[in-house]
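Letters A, B, C and D mark the chains in the order given here, with residues in each chain numbered from 1 onward.
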Amino acid sequence: MDKLAELFELEMEVRDYECDLEGIVNNAVYLNYLEHARHKYLLSWGIDFARLHTEGIDLVVTRIEIDYKRSLASGDKFKVRVSARREGHLRLVFDQEVIAIPDGSTAVKAKVIGVGLKQGRPVKIEGIPGFENFSA
Amino acid sequence: MDKLAELFELEMEVRDYECDLEGIVNNAVYLNYLEHARHKYLLSWGIDFARLHTEGIDLVVTRIEIDYKRSLASGDKFKVRVSARREGHLRLVFDQEVIAIPDGSTAVKAKVIGVGLKQGRPVKIEGIPGFENFSA
Amino acid sequence: MDKLAELFELEMEVRDYECDLEGIVNNAVYLNYLEHARHKYLLSWGIDFARLHTEGIDLVVTRIEIDYKRSLASGDKFKVRVSARREGHLRLVFDQEVIAIPDGSTAVKAKVIGVGLKQGRPVKIEGIPGFENFSA
Amino acid sequence: MDKLAELFELEMEVRDYECDLEGIVNNAVYLNYLEHARHKYLLSWGIDFARLHTEGIDLVVTRIEIDYKRSLASGDKFKVRVSARREGHLRLVFDQEVIAIPDGSTAVKAKVIGVGLKQGRPVKIEGIPGFENFSA
């Protein structure tokens, strides 16, 4: 167990408002891309970030390591890859990559660690609705 | 040399639009805070991110490690601390912290690595206007 | 009655990440500036946007008219002016201006209309905690 | 001439980071949606916002009127409709709508006015590369 869940990919595209005065996607925007892909990935496992919040469980990020390999700019297409694994009872580790289309070069590589919080305290992943079936 | 430049601090405040549906500042927004503080810090050394771009030099981030220790929410005040050091000829390393006001607890701790690019190629920090006097 | 509340002003500054690839503040970002100033203005009347939400009342925007007169760019300082008036029982009208510092020129002029919603239905402003004393 | 250009539609989806602490898409984010759809629309006519900037012509927004009819929230799908017409030699008027999917209800209705600037001065639309063939 704790094997890698199947690879998940989401295609997206740079929007002009995401580029800063250097004409390239701003460093913070990649965290938006990564989050959106993670949430769609979790949703594919029946885990709904927004619904969990209304049920009193907040998924939060505790650490991100991100390497910016090359810049994306106006009009660039890309896919965000997500895979996940558990680390102990409490932590989820997401390995993510932003891959430029069509040349396949890596724009960004990231490791994102998250936990679930209930009333401010870490909650076991098994106790989070949807995560029972989550094979990560 | 390559000693730590003097500590720099910038006071800021959470704006409501920076909070996401969990009611806390979104993880990507901290990268905005960190960037704004870095740019003000560099400006205090006479290094102007926007002017450098018009002169053909782009300061870009190559890696970020960020630990989220506690959440900030609507109305919270905080300060962003910045110090910097050189690593070799090409890289600048910024050690940054987001400190909640008034309790002084650490909300975020980050290490941000950046380089200067000229026509896409790394440029020596000494060749960047303003960096001559930069003691980091 | 329904007279103009006293003028409120908030000083702010352009952050580099708010500028888009044209090197000027993106059109959507001004709505962030306007909202932040409105919420600080309401707070000065004891009306707390975030707390109201936890109490089941959501202040929402129903219409904005905004004129972009001149662009702001990296490093520009400005103040956001807010005044408010009631229109009927349900609507608040905010007249707002973004004024460049130090030259005093108008960057943006806006009229923002908002209402309070309780379980999705408009709620009388008098029924919103804090608004009793609100002279707008 | 000056007839309405053919209707253009772009499908999009709410991303969780676009929702604010009220759990709904923040008012400023709709301007992002509208801009992205306008730029894709212009691109379908061969008019490239980013390339124009590098050629010294900046398309800028001078006025927006926007009505918020109903809120969008996490996971909602929608399409942005764009049509355009010229007003005089200098101004482009975009009529835009954000339509919820699948129920077809209007979330947002907007009128956006833009001009082209060359060295800060309005430039005739006919002088902007791509706009010759633009039937709006």
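Just so it is clear, a residue touches a chain if its C-beta (ideal position, glycine included) is under 8 Å from a C-beta of that chain, and two chains touch if they have at least 3 such contacts.
Since the model is a prediction, treat every value here as computed from it, not as a measurement.
Taking the definition of touch as given, a chain qualifies here only if it contacts chain A and chain D alike; those chains are B, C.
Of the two interfaces, B-C and B-D, the higher number of touching C-beta pairs belongs to B-C. Centroid analysis (C-alpha atoms only) places B farthest from chain D. Between chain B and chain D, the centres computed from C-alpha atoms are 33 Å apart. If each chain is reduced to the centroid of its CA atoms, chain A and chain B end up 23 Å from each other.
Rounded to a whole number, the gap between the C-alpha centres of chain B and chain C is 29 angstrom.
Of all residues in chain C, those touching 2 or more other chains are 16-17, 19, 21, 23, 26, 28, 32, 35, 50, 53, 74, listed in ascending order. Per the touch definition, chain D reaches chain B in the complex via residues 16-17, 19-21, 23, 26, 28, 74. Within the complex formed with chain D, the residues of chain A that make contact are 15-17, 19, 23, 32, 35-36, 39, 43, 48-50, 53, 73-75. Contact residues of chain C toward chain D in the complex are 21-22, 24, 26-29, 31-32, 35, 50, 53, 58, 60-68, 71.
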